[in-house]
Structures are given as structure tokens and as C-alpha cells.
Amino acid sequence: MSELSLEKQTNATPDDEVVLEVDQVTLKFGGVVALNGVDFHIRRGEILGLIGPNGAGKTTCFNAMTGVYAPTSGNIRFLGKQVSGRQSHQITRMGIARTFQNIRLFPEMSALENVLVGCDARHKTSVLGALFRAYRVRPKPEELPEITGTGLTRAQSRLRRATAKVFGVSRHTLEERAGRKKAMELLRFVGIADRANDLARNLPYGYQRRLEIARAMATEPQLLCLDEPAAGFNPAEKESLMALIRRIRDRGLTVLLIEHDMKLVMGVTDRIVVLEFGQKIAEGLPSEVASNPKVIAAYLGEPDDAASA
Amino acid sequence: MSTTLLDRYATARKALADNWANGPIWVKLPIVLALISFCFYLPYLNILPFAQIRTDLGAGGTDWSSVLFLIVIYMIAAVGLNVVIGLAGLLDLGYVGFYALGAYSVALFGSPSSPVTEAIARKFDLSEGWAVPFAACIPIAIAFALVAGVILGAPTLRLRGDYLAIVTMGFGEIIRIILRNSEFTGGPSGVIGIPKPPGPEQDGRDYFNSLDVHRWYWLALIVLILLMFAVRRLEHSRVGRSWLAIREDEDAAAIMGVPAFKFKLWAFAIGAALGAIAGLLFASKQGVVEPNGFRLNLSFLFVAMVVIGGSGNMVGVLIGAFLITYLPERFRGFEQWRPFAFGVALVAVMVLRPQGLVPNRRRAKEFEDRRHEAKEAAADV
Amino acid sequence: MLLQLEDVVLTYGKIEALHGLSLEVAEGEVVALIGANGAGKTSTMRAISGIRGLSSGRIVFDGVDITKRRADQRMRKGLCLVPEGRGVFPGMSVRENLDMGAYTRRDKAAVAKDFERVFDLFPRLSERRKQTAGTLSGGEQQMLAIGRALMSRPKLLLLDEPSMGLAPMLIQQIFTIIAEIAHQGTTILVVEQNAQQALSRADRAYVLETGQIVKTGPGQELLKDPSIREAYLGVA
Amino acid sequence: MDFTSLIDNLGSHTVDGLTKGAIYALVALGYTLVYGVLRLINFAHSEVFMVGTWTVFGVYAVFNATAASGVGTVILATSVALIAATLASAGTALAVERIAYRPLRKKNAPPLIFLITAIGCSLVLVELFGHVFRQFFGPPFGRALVSIPTLIDTKVLFTVGGVSITNIQLIVIFGAVLMMVLLDLFVNYSRLGRGVRAVAQDPDTAALMGVNQDRVIMLVFVLGGAMAGVAAMLYTLRYDITKFDIGFLIGVKAFTAAVLGGIGNLRGALVGGLLLGVVEVYSSTLFSSNWEDVTAFVVLIAVLMFRPTGILGESLGKARA
Amino acid sequence: MYSLDQQEVIVLRRSTRFGFSAVALALAVSASACGTTDENGGGDDGDCAATIGIMGALSGSNASIVIPSVNGAKMALTEWSAENEDCDIKLQEFDTEGDPAKATPAATQMATNEDFLGVIGGAFSGETRATKGIFDDAGLTMISQSATATDLTLEDPASVFHRVIGYDDVQGVAIANYLREVLQAKKIFVVDDSTAYGEPLANTVKTELGDLVADSDKTQEGQTDFAAVVSKVEAAAPDAVFYAGYAAEAGPFLKQLRDAGVEEPFVGGDGLYGADFPKAAGAASEGAIVTCPCLPAEEAGGTFAADYEAEYGEAPGAYAAEGYDAMNIFLAAFADGARDREAVEKFVDAYEGQGLTKTYKFDEKGDVAEENVVIWAYKVTDGALVADQEVPK
């Protein structure tokens, strides 16, 4: 563990730029206060842990950040721009992506298609564009169709390449091709490329979790929010997930992580924010938080005297 | 395992579908071409026993080409409705409204005797018998349908499924009643003198006339194939992917950056446009329109076509439209028993094969899983 | 044994949530089931209560094989689950919710007595008996859910995460009441994420990981197990 | 536009509307009950109502009751007709559930399939009366309108503030409201009713409390059917007619009423039904009757724009809240 | 578990096999396309054979208005065949359900089959409007037994179209005369049902009556509650109420009118003619007047009414006699030696003769000469329509 934290310190030199600012956010449902004046921020390139007991408001916080709920009061700013009041898909295009605690893939779509939906967030083809495919562009050399590995004969591929060079390619086709390439790359990145064409619902549990991450990354976010990505994982799977989260950060993404597993949280995050009962009760380096008595009381469990109470 | 007829059908169908999906292009292309040529040849089909499928053999039978034409018209409508129901997952019970809009667009603008053209002719001092040419009526019809689709969709698409159903149903009725009650649409008698598509004169008659109906059928068939091609393009692009994602989990789709509302609206508008094209062709062939031709039960019929065939699957929807239009025509001998038989068949097909006759691959899987889950969940004694 | 699960396999679609889980609960015991989110705790409870059917395996309750019974039939046999997230009927009053607990019972006098018992255990509910359950606070709803389950006089009370979303003080209170119920003679199987609380109260505990039991033993013993302490208590 | 006519006779138009709406409301209850518990639109419910009207007709025929019959016969015939119509409608609703819906429920089919099955069931029932029975029993089955003997003559009972109220209007409104109240009491205060609400709110937890879901669903169809049966009785009293396809329009309107009030909400059905009836009569007076359907749907759409779940909001379970 | 390669091989092999069989099938289909053709339809080409089509709603909710005329036509044929045993004339029924969309395939079928020498129909104006052009193109003579829309002949005439009844405008004028002269009404309330039949008829009546119209209103098909209309009638306090529409709505309307205490005379057009209206309105229909451009069976003389009842077990319904007459005109053409469409058309155009319901002679637009149209008022007496008097035109 000490080794991990060492690596973290060398690697994570967080810019001072604040990516996301949660400013005194309060959220009420009817009479129930789900979030009460929650206040924290995330800096570029860091991995921030958000912990707290079940029902403390972590997921609600995520939902407020991704436009599912609008805060009753307070502000959420992303890169200086107001988030609340925008619709989910607009927020995604601003650069926030997320996964879900209870996996919400598109179950009847293949793994590849799931990621493609994410890729589409950055695609420009409109409905009419997809219909008429009239907007033609001259592909760059690297965007030309591949000769090998396309399932076509070499002659067919050559022909395709030649026509693309002469007549150009519709933007739709180009995007579709680029999307596929990117999606496959992401599947490889999270390590599930071998099942790319399986329906999401038929994937093993661990694959589904990783697929969610790949799908979220496909939207090219600057901030990636992971909601309990290790739920249901065994220790070995958790280890590899930790490695994955670090690699994600290494790609330049900022990560916000909700997680219960303390080992994982302690092992991977740069900073931790603790929520309880809709309120922030602590914030700081993992080591600070772990020794915070309020945190121990609320979350880590009371010292042994509980049994005698 | 008991191999009932139904099971055997399911296995055979699946094997065929799998074979097809994996088939190489040099096999698929000739088959598709052969099928299309066969469709074009159908009006002339006259060799027994194949010709038994003709509807004009028995006493009281009806003209085979006319039936084929009607089948293709309903196929166009069903393909359009399939975009709304099957692809985007929105229940539209007022689809007949768009069909009516298409029919009335060509009638009101194309017929020299319609109140609208008469009013325009008066206003701009145009010659007697002036009307918008047929070709120009097509964009008018499509534009009307698109606008209507957006007008209906924009405020209502935020409603949940069942509410959407009743609102669309109301919308379909509103259109019909307005057509019936208004002066400018010719009231309950409708409009006559609807223009026909232009074409070279043959044997002293217009190319598209009331006796050589096979030409109408060919025209409709070409339109259908073009539209199928267009819908297929959409289905296999980011648009289709977005529809599917919305259908599966709208919130998750929105969070993945899919502008759900916009795509739903597009689905509505595209469906409306296809419905309007079907209506336009129908009205043009018919020569007259009247509001009674666009009753609510036609909407239900369209939905039934989509669902019976297997919503989401283009082939399924075509088969659904075919069966529902063709069977009553073929078995005219049963006359009064037909609606009853239709009802029984509807219930039987749905209860025995709720996924439809030729379901979408994904839908079929989904059904299998749902059934599987249901079996597990119902731990009955 | 009051309850036995033998090689239970439960799937959602094609995903296995439980693969070959076996556990047992003896009469009068308080047994805890702990594990991370997604480990299969709730699935276990659903399998036992009959909300979900099994793909394979066997569940025996009170000497009877109940694998193929529906949830309502199992309930009539004396098996009552307090579901995760409480599952009170939000549109019904407190009193009506408790009535629902006694839905299958015809012995009016005994039911009346049980009302007294529940109101004794939870004086807060007594004060709010006319209030709609949806307007209760989280802790009160949890109390109501437990009280409602008690109204059926269960032989085995299943509790799914009773501490979820509750303030520490309330958690204490709920666990004290659970101890009281156990003391009055009801057998309890409790699923808990708050491992500290659960282990310290339970006679025995099972540790669940990815759909399988990986450890079992008396609660106090597991509490001292270093690997458990690290994984579930966050204390290295 | 005929405002003066509307304003001058506002009272009597309102009573007319309430009478019309009371029947919508009773039929709407069937949609609402089934929707509240199963979340599906039972499109065959309109035909459940239609069967009720034919049953009334049949009972009158058996008793040979006509306008000329004595008071004894009239009372006997109407009460037997009421019971028979209630039973027949409830039975039809139950049969639809067993034959068409239950197999689909066991297969966990999506709602759209139920819709098509329901349309099929409607067609079968309609054709039974419109054609099949005619083949076996001859007229009056068939496609023509059938007149049902007027057993209770319309009389003006009293006049309040220039609004005269007839005995039939009173029976219809009072009967519908009474049935509503009875159903409301049953659902809210009886043990079985509590079971119904429990399944509506949370089927899984209800099962955990020992509620047999299948039985509750059957109960819901029977209750809805019975309400349609009573509606059929009141309808025949008011209009003295039936026809094989009479259910369709009433079904569409009742369903609209249910959505208007908040589908799944019993009191919403009453509010929606009465409101729809009044709106239709007002609009028929202001414009003419051929616009009343447009008005009805426009009001529905307008209401849904501002209250997406209807006037009182949905949920059978929250009926009291 | 297969390795990936194996799987691919299997898929390929399978698809190849599939491919070959499919190509073979396609070949077979296209080969069969060049095969022999078989003449269908047939029908003996003997000198004395022909087919007459009759189309209309034989099923569906409007069938009851059409079936009597089909029966009438059948009777005419039976009677004729009994005298001309060596001739084989067939009457072929086509069900349109009253729906123009379903009528066109039937019409095209008749138009393109040379065996058909004449058509009785369409029964309704809508389907007639939709099919007239088809028959016109094919030169196939139509004689409609009941399509009364004015525009069919006056605004958009077709040379092949004829009808054996007066059109709506003629009837409308007659109805106005009846209301004004026979009933001596000074204030008349006009109601129509917003259908293609009711609205134009009501409009003619309104135009004819002019100032005598106290007020008017519209209802719609399927309506059962007429509270608003009834209160408008009450408010207008007319001397008579005229309803242009069909029995299914007229029944409950009249009933509710009477329930509300409006006892003034009730007059309906030929949409109410037939047994359905008294049935639908029950006791309330007593004394109501129904006009119809059809001669009472007993006036027609002969034994038609009795024969019909003997054959079909009920009194002749709407347009039964018109169906009989239409068929007889075709039979006369045939007896005259007309063996092709042109000859039939020529014969019918020139036809002059006495039918059951009126004297026939078609004008150039296909209408019966106006002086030959008879319009009768029938009064509901004891639940049946009884001929009351001829209406002045």
C-alpha cells in the first residue's frame, strides 16, 4: 500500500485548475433533505474519493452533477460554467461522464454498440446527414479504409480506398469508421475487447462494469465520475480496477470516485470527501480522513465498545 | 421438449435468420434482386398452384393488382409506424392522422375542384381548373406531415408511454373531425378529382389509370423500396443507435450524450412523413378522399401490423402488413366472419407468439430473457 | 434447522448473482450476512423470501421444501422479509401498513395484542399511527417496516440492510430493537453493510463475496479476523 | 358560438353533462383499477360495458317487461337486470383476464402486446354480438341499433333555481356516485382492498406480506367489470338502446376521463368522467355536437400539458393521500 | 468450445450451402415466370351468359341498408331465369364494407373482367364516387340503387353512371315542400349528422326553407347523448324537426326529444327508411315521418312485397324495390340482345319503361327524369313504416 501511495504522489501533481466546483448545494425531495449545503471541488488530474454510508447522498450528488436533478439551492460549476439547469446530454457534451451504481448498460446492444453510443456524443452527423450522407469530406490518409482485417478481399479494400481518395467519403461514414476504431480501442483499454460483439446483457458482471467505464470514456469527458465501480468485485478484480483507474487518470482525465471499499479508496485517491446524512463531514488526504474521529464514528464503525452498548 | 408446430417454426425461422445474417454478399445480393423482381412480377403470377395466392380467383374476389397496391401502401405506412413504435419505442395510436394529412395534402392542393385550390385560384386570379401539379404535392404532403409530427410531438413527447398513447389517439381523431367538419376540406363528402402522377400516354390512356393498376403497384413498390432503404440507413447509423439506446434506458442514454427528446421528435416526424407518403399515393390512386376513410380503427390496424409482424424488424413489419391486408381479401368468401376471425387470430398470435412472427433479433432475445425471468420469478406450486 | 439453503443458484437473465450458495439458520439464532455491495446479499434475501425463483438449488424452511412456493405462500409459513429500502407502502397510513403485516391472519384478538406489542417496541409509530407512511422519516420508516413484519408473527425475520441511510444514533436504536426482538424469541437473519454493528450483535455470521460464502463463524470471532477487518471495517 | 344559450341554461346543461359524465366515470373506474395494479390499458373494457347493456336487454326480454308492465314487474326486472348486468360484465372482464392477459403476464410480455391482445378481444366480443350470435340466434343480435324498452318514464322530479331534474338524471348521477363511494370504501377500508392497494404500490412487498397477486388481479378485473355492469344498467335507463359497437366510443371517452383525472386514481376517474361529460355538453351547446370529441381531446391534451399525470395525479395506492 | 477459426469455417460452410439453395430457388422462381399461363375467370362463352356485379356493404355496421337491395336484385334474377332457363346470367356480389378503399379493388376486378356486363351499385355515395371513374374507363354500365349524392351526376358526371332514385337535391326540395305545405310548419329545426349524406341533404332543405328555419344543429355518427341538441330544440320551440341522418342516431335522438317533452312532428330523410328506425326509436317513433324517393311496395302493384317476404322472411327493407328495378333494366338489355358493354350502355341510356317504383328514363347525366321521381312520406304506425302520402315535388 505504501508503494501505491508513493507512485500516486509522484504521478499526481494536480494542476491548480479547478475542474468542478460544488458550491453549497442543497437538494430536497418533498420534505426530505438529500443534500445539505455540500461544498467541495475537484482539481484537474486528481482522483477524488467521495465516501459515506449508504444513503448518505453520494449518488444524489452525482445525479445533481449530471443533470438528473436540479439542486434546490447552490451551484455546480464545471470549468467555470454553470451545470445546473442544463439537460443531461448537454452536460455530457460539456465534458462530464459517469457510470452507474446499479449497472445501466443498454442490455440489448452489443458491447461495441454501447461504446458507440458514447462516441456519438462527439459526432456531428445529423438525422438528415445519416439519411442522405451527402456531406462529403476528403479523408486524411489515416482515415482511409484499412486494407487488412476488414473481412473483405484485398481487391475490394483497394477499390474502396481508391474511391474514397477520388470521391471522398461522407462524413457519416467517416465518423462511423472513426467511432468504431475508437470504441474498439476503448474496449481494449478496459480489457474486454474479446467480447466486443456480445450483447451487453450476456457479458459477465465484471465485464459489464468495465464496459460502463469504456462507454463513459467514449464521450471524451474531462471529468469521469465512477459510482461504486468495484461493487461485487473480488479482491483480485479490485486490484486490476485500481490499476485501470490510475491508467484513466494517466490519460489526462480527472476522476471522481464513489466507493465503499476502503482499501480501494485509500489506495487510489488523492483526496477524499466524506458525506454523511447529506452533509460533508470531512475532507482531506486519505490518511487524514482515515484518522478523523467523526469519519470513524459515522462510517468506519465505532470502536469495539459498540458491542456492549 | 415437446416440438410443437410453433417451436418448429421458431427454430426454422431463427436458423434462416442466422444463415441470412452470416451469408456472404454474393449470395444475398442475387437473392434480394430475385425477390424484388419477383415482387414486380407478382401481378402477372398466373401459374397454378402459385397463382392460388391471387385474390381474384374465387367468386366475389377482387382485383389482384389493386390488392397488391393496397398491401404496399399499408406496408409503407407500417414501415413508417415501425420507426415510431419499433425503433424509437413510442406508442402512437393516432398514426392514421398523418396518413390522412398526406391524402388530404394532395387532394386539397392537387385537385382543381378542392376548396383550397379554388380559393387560391380566385385570390390570384388563376385560370379555371388550376391546381398544384402532382409532383409539387409530394413535398407539400411531407412538409405538412413533418410539421404536424413536430406540433404533436413537441409538447407531448415528454409524457410517459400510456399518456402518449391516448394523446396521439386524440390527435388522430382531432384531425379526422376537423377534416369532416371544415368547409375548406370539403366537409364530410371530401374532395374529388385528385391528380395522378404524370406519365407517358399508353393505348390512349394515361400511364397511371384506373384499369392498369399494376402500374400503380409498381410505383408504390418502388417508393416502398426507396423508403425501406432510407429507413435502413437511419437504423444503421448513429440515429438508429440513439433510438435503441433511448428505448432501452432513456436516462442512461441522455447521460451518454444522446439528445433524447430531439431524436424522439425526429422519429415522430419521420414516421409522420412516411405515413403521409402512403396516404398521398393512396389518395392519388383512389381519386377521391373522404374523412371517413381515416377512422381510428385504421390506426389500430397499423399498430397491429407492426406488432404482429414483430416490431423493430423491417421484414416482420412487412409480413404483418401483408397478412393483415391480404388475408381478409383472399378469404372474402367468409364475408361476415372475417372481423371475428381477425379478432381471434389477433389474440391467438399474441398469446402464442408475443414477440411477433418475425421478431427483431434483439427483441427476440429480450423476450426469451423476459420469459426466462418470468419463469424463475413465478415459483408456482 | 429452521432454514437451509443448499447450492442456491440465482440468475438475472444470463448473469448469475448467486452461484451455489449454502447457508443455514437455526431456531433462535441471530445470523448476520455481510459482504460488499453487489456481493449478492440482497439476491440471497430475494431468493429466500421468494420474490425471485431459483435456477437451481433448494430452500428448506421449517422442515418443508419451499423452493417452488410463491412469496405469499412462504410468508404464510412464517417467513417475513423487511426489504432493502424498507418497502413501506407510501400511500398507506402507519396503521394500515401494520394491518398489511397481519394480512394473512384471521385471529383478531391476537392481532390486537400484536399491535400493542409493536407500539410498545416503537412508541414513535404509536404517535404517528394516522400519518401516511410516505411522510415518515427514514428511521421511522425502517421501524414501521420492522413492526409490520412483526405483525405477521414470523418464525424467521429477514432484515435487508436495516441501517441503510440512517444516522448513527438511529442505527444504534434499530439494532437495540433488533436485539430486543431476538431476545423475545424470533429468529433473525440480517444482511448488513455496517459489518461492525452486524458482527458484534450476531450469534453467527456469513461472509459473502461475489455470490458465494467465503467465510463463516461466530460474530465476535469474525470481528477479530484481520482480513475481515481490512476488507469490511476499513481498519488495517 | 352560442354563448347566450349556454349561459341561460347553464344549470340544466351542467346536469345533462353530469349525467353523461357519471356513466363515463363508472366505466373509467375499470380502466383505472386495472391500470393502477397492472400498469396496462385494458382496451377490452369497453366491450365489458357493451356486454352489460345486452344483458339488461336480455333480462327485460325474459321478464317480458315493457313500458306497459306493472310496477311490480318493473321493479323486479330492473333489479334482476342490474344484478345480471353486473355479473355478466364482471364475468366478461374475468374471462378476458384469464384467456388473454394471464398467459401474457406469465410470459412477462411488454405492454404493447397487451394492447394488441385487448384490441383482438374487443373485436371478438363485438363480433359475437354483431354477427356470431345472429348466426345462431337471429335478431335482435346483429349490427342494427336495438331499442331497449323504457321501463321508467322520464319525469321531472323537482326544479331548483330554474333547473329541472328528472328522475332518470337523479338515478344515474346518484347511482354512479354511490357505486364510486362503495368502491372507494372497499378499496380503502377493507382487507382485500388494502391488498389491492398494496399490490398497486409495490407488488413485491405486497407478496412479502402474503398477498396473492393473481387473486388481487382477478379481483381488480371483477370490480372494474362490475362497475361497467352498473354503468351499463344506468346507460340503458338513460338512453334505452344498445348496439354491438356501442362500447367503442364510450370506452374511448371513459379512458380519456380516466387519464384526465389521473389514471390509477379512483377519485380521479370520477372527477375526470364528470368533467368530461360537462365539457362535452358545454361544447355541444357552444358549437355543435360534431365538435364535442375535438373539445374533449383538446381539454385532455391541455390538462396533460400542465399536469402530466392528470388532474388528481395517478396511483391507486395513493388514492387517499 | 470451438476455437474462433473453427466457428468461422462452420459459418462459412453453412452460409455457402444456404447460398446455393437460395440461388437455386431464385432460379426456379424466375424460370416459372416464363412458364405457361393459365386463363382464369373462364366462364362459358355461350351466347346466353353474362355476369352482373352488385357491390356494397354486405358486412359491417351498414350492411342492413344494403342487403335488401341485393335481395331485390336476386329476386329479379330468379324470376327472369325461371322464364329464360337456357340463359346463364349470374349476379356476383362484392362486399365493400361501405369503405371506398375496399371498393376500388372490387371495382377494378369487375372492370377488367370482360364477363361483367353491368354493375348494380355502388350502394353508398362515397364508394360510388371512388369507383365511378374505374367503371367509366372500362365502359361498364352502373346502375346505382341507392347512391343519392347530388354531385355524382350534376357536378362530376360519368357517362356510365345511372341511378334509379332521385338525388338528394330533389329529395331535399320535396322534404321542404312537405314541411311547408303538408305540415304547415312555420318554424323548423334542422339537424344533420355531419355525414356525406346528411349534411348536403340538410343544406338543401335549409336553402329551400329559407326563413322558415328556426335554427339548426349538427350531430355525429355514433352519438348517443343528444342533451345539447335537445335543449337547443327546446329553446327554438319549432313547429317541426327535420333530421338528416341514419337510424342509429335518429333513434336515441327522437327518444330524448320526446322525453324532454318536445312533441312536434319529426321528419327524417330516406336514411331512416327501413325497419331499423322504428326499432331504434321504440315507442317514441310513433307518428314520425320518413320520406323516401321510393314507391311503396303496395303502390308498385304486383306481388313484390309478398314475394319478398316469402323469400326472405321479412318485409322488403330499404331500396329492395330499387335493387329489383336495377337488375330488371340489365335483364331487359340482355333480352334485347345486348352482349357486350357498349351495347348494354347504349340500351340503358335509351331505356324507357315502367319499373316497380317509377317510370324510368335516364337523362344524359344518368338521373331519372325529375318528373318521374316519386317521393313518398311514410308514417311510423304501430312500429312500422306505413305509406302516408306522395310528397309534392
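Letters A, B, C, D and E mark the chains in the order given here, with residues in each chain numbered from 1 onward.
Going forward, a contact is a pair of C-beta atoms (placed from the backbone, for glycine too) under 8 Å apart; a residue touches a chain by one contact, two chains touch by 3 or more.
It should be emphasised that the depicted structure is a prediction, and the values quoted were computed from it without experimental measurement.
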{"item": "Least hop count linking chain A to chain D through chains in contact", "value": "2"}
{"item": "Pair joined by the larger number of C-beta contacts - A-B, B-D", "value": "B-D"}
{"item": "Identity of the most central chain, Cα criterion", "value": "B"}
{"item": "Distance between chain centroids, defined by C-alpha means - chain C, chain E (Å)", "value": "73"}
{"item": "Centre-to-centre distance between chain E and chain A (centres being mean Cα positions), rounded to whole Å", "value": "70"}
{"item": "Whole-Å gap between the CA centroids of chain D and chain E", "value": "35"}
{"item": "Whole-Å gap between the CA centroids of chain A and chain C", "value": "34"}
{"item": "Touching two or more other chains - residues of chain B", "value": "177, 180-181, 336, 339, 369, 373, 377-378"}
{"item": "Residue list for chain C, restricted to those that touch at least two other chains", "value": "13-14, 50-51, 70"}
{"item": "Multi-partner residues of chain D (at least 2 other chains)", "value": "130-131, 290, 293"}
{"item": "For the chain B and chain A complex, residues of the former touching the latter", "value": "230, 233-234, 237-239, 241-242, 244-245, 248-249, 251-260, 263, 266, 270, 362-363, 365-366, 369"}
{"item": "Complex contacts: residues of chain D adjacent to chain C", "value": "191, 194-195, 197-198, 201-202, 204-213, 315, 317-321"}
{"item": "In the complex, chain E residues that touch chain D", "value": "59-64, 194, 217-220, 222-229, 231-232, 235, 247-248, 251-252, 255-256, 259-260, 276, 279-283"}
{"item": "Chain E-facing residues of chain D, complex", "value": "2, 5, 8-9, 12-13, 16-17, 19-20, 67, 130-131, 142-150, 154, 166, 168, 239-241, 243-246, 248-249, 280-281, 284-285, 288-290, 292-293"}
{"item": "Parts of chain E lying in touch with chain B, wherever the complex brings them together", "value": "11-12, 14-16, 18-20, 22-23, 26, 29-30, 32-33, 35-38, 40-41, 58-60, 63, 92-95, 99-102, 104-109, 111-113, 125-126, 129-130, 133-134, 137-138, 149, 151, 155-156, 194-196, 198-200, 218, 220"}
